[in-house]
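In the two complexes that follow, chain A is the common piece, with chain B as its partner first and chain C second.
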Partner chain A sequence: MVAVAKLTPQKIAATEARLEGATLPEGAGWARAAREAALERLRATGLPARRDEYWRYTKPEPLYELPAPRAAVFDAGGEAPVFGEIDRVKLVFVDGVFDPDASDEPSLAGVEIARLSEVTQADIHWAKDLFGVLEARGQSPVPRPLAALNTALAPDGVVIRVTGKAEKPVSLIYLHRDESSDAMLHHLVRLEPGAELTLLENGPAAARFNKVLEVDVADGARFHHVRAQGRDHERLAATHIFARLGQESTFKSFTLTANGRLTRNETVVEFTGDDAVAHVAGAAVGDGDFHHDDTIFITHGAERCESRQVFKKVLRGGAMGVFQGKILVKPGAQKTDGYQISQALLLDEGSAFRAKPELEIYADDVACSHGSTTGAIDETLLFYLRARGIPLEEARGLLILAFLAEAIEEIEDEALAADITARLEAWIRRHRRAG
Partner chain B sequence: MATLDEKIEVREGVDKETVETVRSMAGKYKYGWETDIEMEFAPKGLNEEIVRLISEKNEEPEWLTEWRLNAYRRWVQMEEPDWAMVDYPKIDYQEQYYYAKPKSLTKRPKSLDEVDPKLLETYEKLGIPLREQMILAGVEGAEAAPAEGRRVAVDAVFDSVSVGTTFKVELEKAGVIFCSISEAVREHPELVRKYLGSVVPPTDNFFATLNSAVFSDGSFVYVPPGVRCPMELSTYFRINAENTGQFERTLIIADKGSYVSYLEGCTAPRRDTHQLHAAVVELIALEDAEIKYSTVQNWYPGDEEGKGGIYNFVTKRADCRGARSKVMWTQVETGSAVTWKYPSCILRGEGSVGEFYSIAITNNYQQADTGTKMIHLGRNTRSRIVSKGISAGHAQNTYRGLVSIHPKAANSRNYTQCDSLLIGDKCGAHTVPYIEVSNTSSRVEHEATTSKVDEDQLFYCRQRGMNEEEAVALVVNGFCREVLQALPMEFAMEAQQLVAISLEGSVG
Partner chain C sequence: MLEIRNLHVKLEEEDKEILKGVDLTVEAGRVHAIMGPNGSGKSTLSYVLAGREGYEVTEGEVLFLGQNLLEMEPEERAAAGLFLAFQYPVEIPGVGNMTFLRTALNAQRKARGEPEISAADFLKLVREKARALKIDADMLKRPVNVGFSGGEKKRNEILQMAVLEPKLCILDETDSGLDVDAMRLVAEGVNALRSPDRGFLVITHYQRLLDHIVPDVVHIMADGRIVKTGGPELALEVEKNGYADILKEVA
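Showing the complex of A and B:
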């Protein structure tokens, strides 16, 4: 039913050009098989091209063409890094390479932490049932070739198995030091029944970053994810989250994006057990040649599940925001509650927003809705605040923050929500109009 | 042969029909009979010769023949679109007839008196008495309507040709040109040449290009500056012949400050094979002009097993060229096996307005992929979209729409609401909106919901003695109210019945 982009000779050429000289990372038989299968998936669809319906609003070529475009390293000066005040287990990657010296000892009660490059050497490992598995499931009905490319070639990543309730978050920090780095990481997270984990991610990672996170949330488990994509203005990123949700499980993911020349964040969630909850949210603030694309695909394959997508974008100076969200309710997924909102605030001329909020529903006893709005700051509200003595720029800042609030509210942890709010306030302050 | 159901009488007013249809024609397609009439066909298949033949039959000038041939040559190189959420076996375009005309029309009748009585009877049976009293009056609630009813001028298209147009003289007095497009090509070539293909170019899309090559007839309307068209205009399309595609082309031009309301209806016989209908409708609204275009699409939808039915692949587009012009599309889509249709507005003129109201009902194995495009190019342009999709049986119903606000379309507004209702757990309802906003002074709002018929509402109705189907029909009618209210009165009542009919059998 969905028109899949044709594999054209140009696509084959682009795909082979990307793969030329690339070698699959060393690993045990199962890992090699997973990578080869991914390569096959990639060759079956080819890398994306601008004419693909799924890439209608975002140019895919810069996300994979070789060599990667250079990106200047951003100097944050004395600014405190995000999550700095949060007690967490830190794992640091510099331009996609693990830095053991900068990282904490990976020990946390109820949590096993390893590296992909290590576990893929073992002949027997639980990761076999997850590595590339959710990514492969997520290739239908819409192919995600950049994720298949990642499974095939990503040399490293973090592999986490959670058996209990993690006391503190695991925090992945991605530093960018090399202007021409082209990094790929592939993370696996498995939450056993009833387990709980909060995963934090922050930093620009590289000049170009391709990341896949596969998350298997077993029955009754809870997974929280908060990330802040780095401020390096010239960086490029293509990220994928593939989540499978068991019965009565919870998955909550929030992403803050401030800056970045090109970002495509795809989140693919599949409900396989009844009564589960998935919330995917994002706040993006961008200026100038900022291009930010949130692409979400939620498949309801079980009964009484709840999904929420809340995406807010504040755009100025020619920035472009994209939202492609889809709720697919399979036959029999009765009592589904699906909600989706995408909103853009355009602060000045030249900025633009593209939205494609889709519903595809094959069950009758469901309540699904989506809303999308685009506009400028409400002049009436601005007037109201100014009439009460609040200076113009401060009033604008308040209204921008109020606009973003619904997305930030999706973060359960108050300290994390406060940290994210502080980042947004800083962005608003930095971008105050002169005078 | 006239496999007429004797129980149906030619109706005089719609009200009788309402009762009768709901009571006795439960769930049946009442226009499924065919007229036994001698036809003249062009040979089966499509090639340059057929295109030339159609052009010749219509006594067209050289430029139009060339125009068609260019479209044909282009079409041969095009691929049939596959992005819509509809699924149907590949169409063999060489297995169709592209031209079919009742033999009795070989000599062009000068007035309706000369028209074959069989044809007139056909339209009478469809509830369109062409002969004299064109009064599709008062319908139910006629009390509220003016005593003499409202008059509607009708252009009746039978397979590939126009049978006749009523009230022509009276319209001429007002300066309104209303005739078949083939006649317009002969009588008003300058207007046709100026506007034909100016909204939907011959290269627009696969089906529109096919239409450009083989269109056989359709209606033409020109309303001169400052004229408010004195009556509703209407075209009634009837497919009768087997294996024949209908490719009508409608062109409506509302000159400065004018107003016209146009209604379109269509039906086809019940057959086991699919038939193709690929129409193009072009509307042009100049400064301060207003066009109201209403459709009740009731092509044969196929039977309960999904056998037969019309493939309805239609390109409809309005160009609001003038400042403050306005176009309003209203459609009630209940028929066709497969519908692929997106009536659109190009809002070019400053302050122009586009509106789209749609009810799409699919039952059994019907598939509909329909919606609209609102392209905001001019400043202060406004658009409003209200779409209601109802899906029952094994049907698939998709709303697909685009709202595009260009950088120069400052201070534009769009409001979109699309709601879907599912009846039963074997059907599907989908929403695929595209929203593109490129300036900050505009405001775009989009809302969509999908739900099932509210149990509380059903319970309430049943408590008051309604049976389940009546209750569902009432709730669904409530759900569609906003759209039904936008229809001209002649259609509103019929549309309400259609809502009831199409959902018959979908509950329990």
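Showing the complex of A and C:
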């Protein structure tokens, strides 16, 4: 069990300092109640501090202290836009503010798309049953105060209800233009029984970005999620995904992170129906002032569910990678199949990887495995490639990509996998050793 | 084609001399075999020629097509036409066999100032060479050598050799771990590559491979030196009497 940090006077002070002057966004009575409840959850635990066990490897303060650290806007130049070749419904946010002019008409058969700021004015029962609900469930046994902060204060987001099989992905594009922007977005996705949706996300969003995505996957529904976080070197991000999976449903999420000074991506998955599948994967490549933290918590509360966590990091120039992954198998969750692998490839001695894999199992008929490795490029493989005529840097690139392959293979759609692979190849080319 | 003169090599990490003055010349169009007991330095010689790290050349020189081989990077040696079929081919998870072969071929072509091969021509080339070696489409699709049997790995080495068309082929104990059928396939693959402008250096512990790949010249290596050179009959002598007699004779 993760020990819940004590609410110290310092924590109370830090939390109140963050909330000072903050006002809850306007909304209907139910939305206001949900936001106030989130504030209560936040005040009950306080904002995270480095001394918290759950934040041992990642410094949380820059993710919430005011004012947000500035981050230069990165110019990708003539680079092909992420997911540029994918036919999708684009919704654009600039520094966290929805830009209707830059966005597509949000019409897609079998999919209702709205804005959180609109939905919270109205009386929409499914949104009421979701907003802050999965986040609240995810606060135990480990508190996630930055997510509660988000539920309380995030002014907007996208709200999606899927009743059929969406014929193309919904794509959230986060642009960063203001060096001092501090953005929060809160998205809700509800997949009705048998529905299917692919959600894409890309871009840095802001100098600092706090995002929550609550996904409710009903029986037999399928949710695919692929995101590419922005390349802005100085940006900070704290993201949470809370997913609840019904019977025979599927949830697959992949994240590519290339650069960014500080990223904490938490994914919290709960199986509530039998025979469901959840795959959470990530490829992170970082150079220099790069700190990337994947924190995953998967709760098996039903029988015969399969979960996979595949996380790969390539680090150089003093970059730091963190993985905290937990599989919790509740009493009665028999025939659980849980797999977890976290691996780091360190391209130099200054880079480091810290991993904390955890299994907590209360059922007696389960198959759970986990592994974690840290290493350098295998010189034997490198020589083999060079002996066939492949130049040193190209050979290194091939092996780096090969190392990441297991994570990329988690992306089902070939075109999306190809797009992500192209990003990684470009990163490898840019970061070749001089000479 | 290949001239090795008084080559002395020691391991970088320990002060142990492995090659103690090797002299050897391989001409185009000829097959030279090196035989010798375990620990004689045969595999070290192949690694030093291919450019593997961990060895220090303390004396001597190696010329390959007139160039100073020891000053070249491994990839430069490959592009110049040197190929080593590994005794223990490595598995490379995550790198597809076809991707690997094509990357290698195009890298060599690029290094030589030749145009890259088109995807269609490449596919045709590989399919044709693979068929002769009984390498099926599934093996080509899989990651390099991952899950291959010993025989499949060795056949894959010969496939690479056939596709890359090197000028000098060094085969390091290619027969080890092969059953009779696999050895015949490998030998046929090698024999198909024999040509007047290509040289071979076949390193083996046993004579049996040389029944299938008939050498022009046989060298016996012992304690880091070539101690005896002769025709194919020398291999038969080893088969019959073992190495002890020859070593006694040259001691």
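Keep this in mind: the second predicted complex is superposed on the first by the 430 of 435 C-alpha atoms of A that agree within 3 Å, B and C clash if a C-alpha of one lies under 4 Å from a C-alpha of the other, contacts with A are read in each partner's own complex, and residues count from 1 in each chain.
The definition used in the following text is that a residue touches a chain if its C-beta (ideal position, glycine included) is under 8 Å from a C-beta of that chain, and two chains touch if they have at least 3 such contacts.
Given the structure is predicted, the values throughout are model-derived calculations rather than measurements.
In the superposed model, A:Glu65 lies in contact with neither chain B nor chain C.
When the shared chain is aligned, chain C comes close enough to touch A:Phe403, but chain B does not.
Between chain B and chain C, B contacts the larger number of chain A residues.
With both structures placed on the common chain, the touch criterion links A:Asp289 to neither chain B nor chain C. In the overlay built on the shared chain, the residue A:Asp178 is in contact with neither chain B nor chain C. Applying the stated contact rule after C-alpha superposition, one finds that A:Leu392 touches chain C and leaves chain B untouched. On the side of chain B, the complex with chain A involves touching residues 82-83, 85, 87, 407, 420, 422-452. The residues of chain C lying in touch with chain A in their complex are 50-53, 73-75, 77-79, 84, 86, 89-90, 92-95, 99-100, 103-105, 107-108, 111, 143, 160, 164. Those residues of chain A that touch chain B in the complex are listed here as 1-3, 53, 331-332, 334, 344, 346-376.
Remark: chain A residues 379-381, 383-392, 394-395, 398-399, 401-406 touch chain C in the complex.
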